[in-house]
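When the chains are written out, they are named A, B, C and D in that same order, and each has its own residue count from 1.
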Amino acid sequence: MYRFRMPSLGADMEAGTLVEWLKHPGDPVHRGDIVAVVETDKGAIEVEIFVDGTMGRQLVPLDSKVPVGTPLAEIEGAEEEKEAKAPAPAAAVPAPATPSPKPAAAPASVQGLRASPAARKLAAQKDVDLAALKGTGPGGTIVLHDVERAAAGAKLPHRGLDLEKMRAAIAAAMARSKREIPHYYLATDIDLSAALAWLEKTNAARTPEQRLLPAVMTLKSVALAAKKYPAFNGFYDPAKGFAPAKAVHIGNAVAIRGGGLVSPAIHDCDRLTLDQLMEKLRDLVARAREGRLRSSEMSDATVTVSSLGERGVESLYGIIYPPQVAIVGFGTVTRRPIAVDEKLEIRSVVTATLAADHRVSDGHLGARFLKHMAALLQEPEKL
Amino acid sequence: MSGEVTYRDACREAIRDAMKRDPRVFLMGEDVGHYGGCYAVSKGLLDEFGPERIRDTPLSESGFTGLGIGAAMNGMRPIVEIMTVNFALLALDQIVNNAATIRHMSGNQFGVPLVVRMATGAGKQLAAQHSHSLEGWFAHIPGLKVLAPATLEDARGMLWTALEDPDPVLIFEHVMLYNMTGSLAAEAGAVAIDKAAIRREGKDVSLITYGGSLPKAVDAAGQLAKDGVSAEVIDLRTLRPLDDETIMASVRKTRRAVIVDEGWRSGSISAEISARILEQALWSLDAPVARVCSAEIPIPYPHHLEEAALPQVPAILAAVRGTLG
Amino acid sequence: MNKDEIRSVVVKELGKIAPETDATSIDPDADLREELDIDSLDFLNFLTALHKRTGVNVPEPDYRKLLTLNGAIAYLADKLK
Amino acid sequence: MSAQKLHLTRESLLGLLHQMTRVRRFEEKCDELYQSEKIRGFLHLAIGEEAISTAVMANLTPDDAVVATYREHGHALVRGVPARDIMAEMYGKAEGCSRGRGGSMHLFSAAHRFYGGYAIVGGGLPLAAGLALADKMQGKRRVTACFFGEGAAAEGEFHETMNLAELWKLPVLFICENNLYAMGTRLDLSESQTDIHAKAQSYKIPSESVDGMDVVAVDAAAARAVAAIRTGDGPHFIECKTYRFRAHSMFDPQLYRSKEEVEEWKKRDPIPRLTNWMREAGMLHDKDIEKIEADVKDEIADAVGFAESGTLEPVSEMTRFVHAEAAP
């Protein structure tokens, strides 16, 4: 016995309301006859029947909304179409629209700490505590290199600074310097007591952020001397001879943690105040150690200064960096007895040395250069 | 053709070479014949090949693009020139609903071996309606291939490979490149169209770009080198399919990505590339992916505003520095 | 700030100055300049950081009191009592 | 019926009757299958318009090409696409003529140069002209028949295509099935010029209007137009005035037209019109009709069985043919 069901009358129709029967139980029906009217969201639609037979029991009360497929009436004398056994649809396993690549397992995240994904991943692998690191990435973010350095204990070259390459470069420059430049050497002891006293008085009134180091005074004295004696501030080209530099850019040798040396230039050092020089020094040393020096800073020093700092020996004789023509060395400041007006006094003394290119200048001029530096250091407030 | 040539010359030689080699190839578009092409790419071709194969069309972008599709389905290899991507909006229905769809929808019964060439991009003060850069839209559509030749070799070599492709290929020629001059080998010929190219090696940051923005990226990389920053420049060449392999290899090396895209950033090709980098190379990143795109405004007419709206070298340098910290 | 907090601040700041050596594993009474190969600028940066993090402004004459790990911790603890 | 059709033979008229009956019964079956949710999506029936596709296809050779619209089941059937392949396509089965991917609105068959149904009104017109352009450029003397409704005349693509086709003298036969309603909008509510073939004449295309409910009249007009096109004198345009007895598509309560109008047009149903005319001319016996109805019933039952037992394309295959695959 065929059951007349609520038909699907549109793609987005889920249910319909039977509002009127046009055929009543006992009436004959033929394929194509309109047997009922169904109300849908879009309006009333006349519904046809697709079988021949006689209208039987009507199963759904009028004005009741029923889902598509609900039997509405029985039709006697008509057979339910034997459903051709439709094959079970192939297992329609929904393949993901585009196979998204499997994201690697995320390392345990460290709250609040700004670290790049690459840094987090390596830190997790190498068991490095991110909290202990100082980030050199954008906005102080800890980047992979910071973790690499921490993990490998500083032996690793700074990003951008390859220690082996640097060592090779220094070796080549020094060897060439020794081969080509006829060095002569001079030294003098300079009493820094006045300078250091002035510095101590100046720093006492300052917080650590603004305090000065002795290095700024020695660097400034070299810059002013180089300004006065251009024969020590320029470049020597075997073909064209010596060319004095137009400005004074002091190459300040900086030791890199884990070995290595680089001498970034402090531009126009002669025209900087001590405060400006201190700020420049802090910036340059920090960036030198992180391998983020600009190439311009690496290449245009006009004269170099090398210093042993607090824990070195009395005197340091440098090797000139070609194509420069001079290098000034400062040993460690020590307490030494020196004669002052026929009396022996203990003073803070530093030995300053000058190594210079004999093709450009000679000892006499070199001595006046060193003497002028020493004089400048006696009046620190004027530096 | 060799020695000093322009990008425009390279495009013309590509068309002429294709038409000489394959009788099925013909050029159809507005003013491609007597006028010689809005950007003079097809100058002289009408005299050489005649009106049958160099067909000026009425201003009916949907019409003649549809004709190109039908002709391609029936044995020809048409090159349809839509003067600029701005007018291609009128042909979107034919390109998206017909060209890109028919092979798949017909169960592989019919293909559309059609090439559509369009000028794109801003920089000539043509104002909002003539300065669009919408190649990213088309790169959204499965069934299409989308190319952006940025060098003389690619302008000369991509067309033949595209014509041989059994499916529709769109070629976007940036308006600011037409006058680019350089040397091109006499025997320069067809090039592959499925791979990106590394235009400059580098290890600190990957500059990912295409088409008209390539010269700016190369310029930026040069300036960065002076500051000790080694930038790698990737010329995408194809926007669909994107060459994920080359992009990710570079980003995994440099850990930083800056994408330069003249489209508007929302829903742009740069957004797609950025998403793919996050999906495939997240754990190599040391900084968020940066994007340098056009300002999200209709491109203004006055020179100073247009310059300010478009991605420029200073913005690229700033974006790179942003990733370096 | 109690002693432990001071210790972690000192260790953290030394870690930033000399990241490759583990500040907790050095001899707490040895000269930091030798242990961690720190120069005058590093030491000044160390004091600058301590000033920012704890508010204690160490005058130059007191520098030698902070040359060891224990010394630095004791000095700060005293100042922050 | 136009009397000047002299050489009408019983055999050719029976052929037309058989085709129209095939389309009519096929569409009725689709209507039933849609209501039992076997066919989904959109379904546009051509019941009442059978004369046009039947008559035009009768004048095409296998080498000609056809471009149709979403109301295309009849066009595909009469063009020769097997009922099985069409029904399977309606069921979305892989055995369908478009691999189940196109459905009712996108039937394709390369073997029959049936270049598809298109769902964007007017979308097929430029494409059809393009097929003709290629024929002309390759010196092939064949015709592309392009079917569309009067609704397309409002689309820009209609005007761009008419101009290009005449401008370049392309071998394309435009057949406008004017059934007075673009979905729910009557023609005089959307067109200033409701005389569609006059629009084509404005582009200098030879065009005429014919009673789309008279299969013989359409046949005569198509024969003249196709013959002219084959001589190479460019496109022709036939406007067939017709009427669809059913809704635009499923789920359309037809609020836009009256029942009386529908009944009025049903009186001009092309099938009884032909059978009555043949009976008067003594060319038709009851057994002819019974045979046709029986053959058609079997053909459709077979098609439904084929579709029911069809398979679904595996999801793993769905990314195939976005692009061509390299020849094996």
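The rule is short, and it goes like this: a residue touches a chain if its C-beta (ideal position, glycine included) is under 8 Å from a C-beta of that chain, and two chains touch if they have at least 3 such contacts.
Small disclaimer: the values here were computed from a predicted structure and weren't measured.
Engineer: Could you let me know which interface, A-C or B-D, is made of more C-beta pairs in contact?
Structural biologist: Comparing B-D with A-C, the pair joined by more C-beta contacts is B-D.
Engineer: So which chain ends up in the middle if you average the CA atoms?
Structural biologist: So the chain sitting closest to the middle is B.
Engineer: For chain B and chain D, what's the span in angstrom between their mean Cα positions?
Structural biologist: Centre-to-centre distance between chain B and chain D: 40 Å.
Engineer: Let me have the rounded angstrom distance from the C-alpha centre of chain A over to the C-alpha centre of chain C, please.
Structural biologist: Roughly 27 Å, centre to centre.
Engineer: Provide the C-alpha centroid distance between chain B and chain C, rounded to the nearest whole angstrom.
Structural biologist: That pair's centroid distance is 59 Å.
Engineer: So how far apart, in whole Å, are chain A and chain D when each is placed at the average of its C-alpha atoms?
Structural biologist: Chain centroid spacing, chain A to chain D, equals 66 Å.
Engineer: Got a list of which chains touch which?
Structural biologist: Chain pairs that touch: A-B, A-C, A-D, B-D.
Engineer: Enumerate the contact residues on chain A facing chain B in the complex.
Structural biologist: Of all residues in chain A, those touching chain B are 100-101, 103-104, 116-119, 121, 135-141, 143-145, 160, 292-296, 298.
Engineer: Would you pull the chain A residues touching chain D in the complex into a rising list?
Structural biologist: 5, 7-13, 32, 40, 42-45, 47-48, 50, 68-69, 84, 86-87, 89-90, 92-95
Engineer: Taking the complex as given, what residues does chain B use to touch chain A?
Structural biologist: Listed in rising order, the residues are 204, 225-228, 255, 279-280, 282-287, 322-325.
Engineer: Along chain D, where are the residues that touch chain B in the complex?
Structural biologist: 65, 96-102, 106, 108-110, 115-116, 118-120, 123, 125-135, 137-138, 144, 156-157, 159-161, 163-164, 167-168, 320-324
Engineer: In their shared complex, at which residues does chain C touch chain A?
Structural biologist: 11-12, 15-16, 18-21, 33-34, 37, 39-41, 44-45, 47-48, 50-52, 57-60
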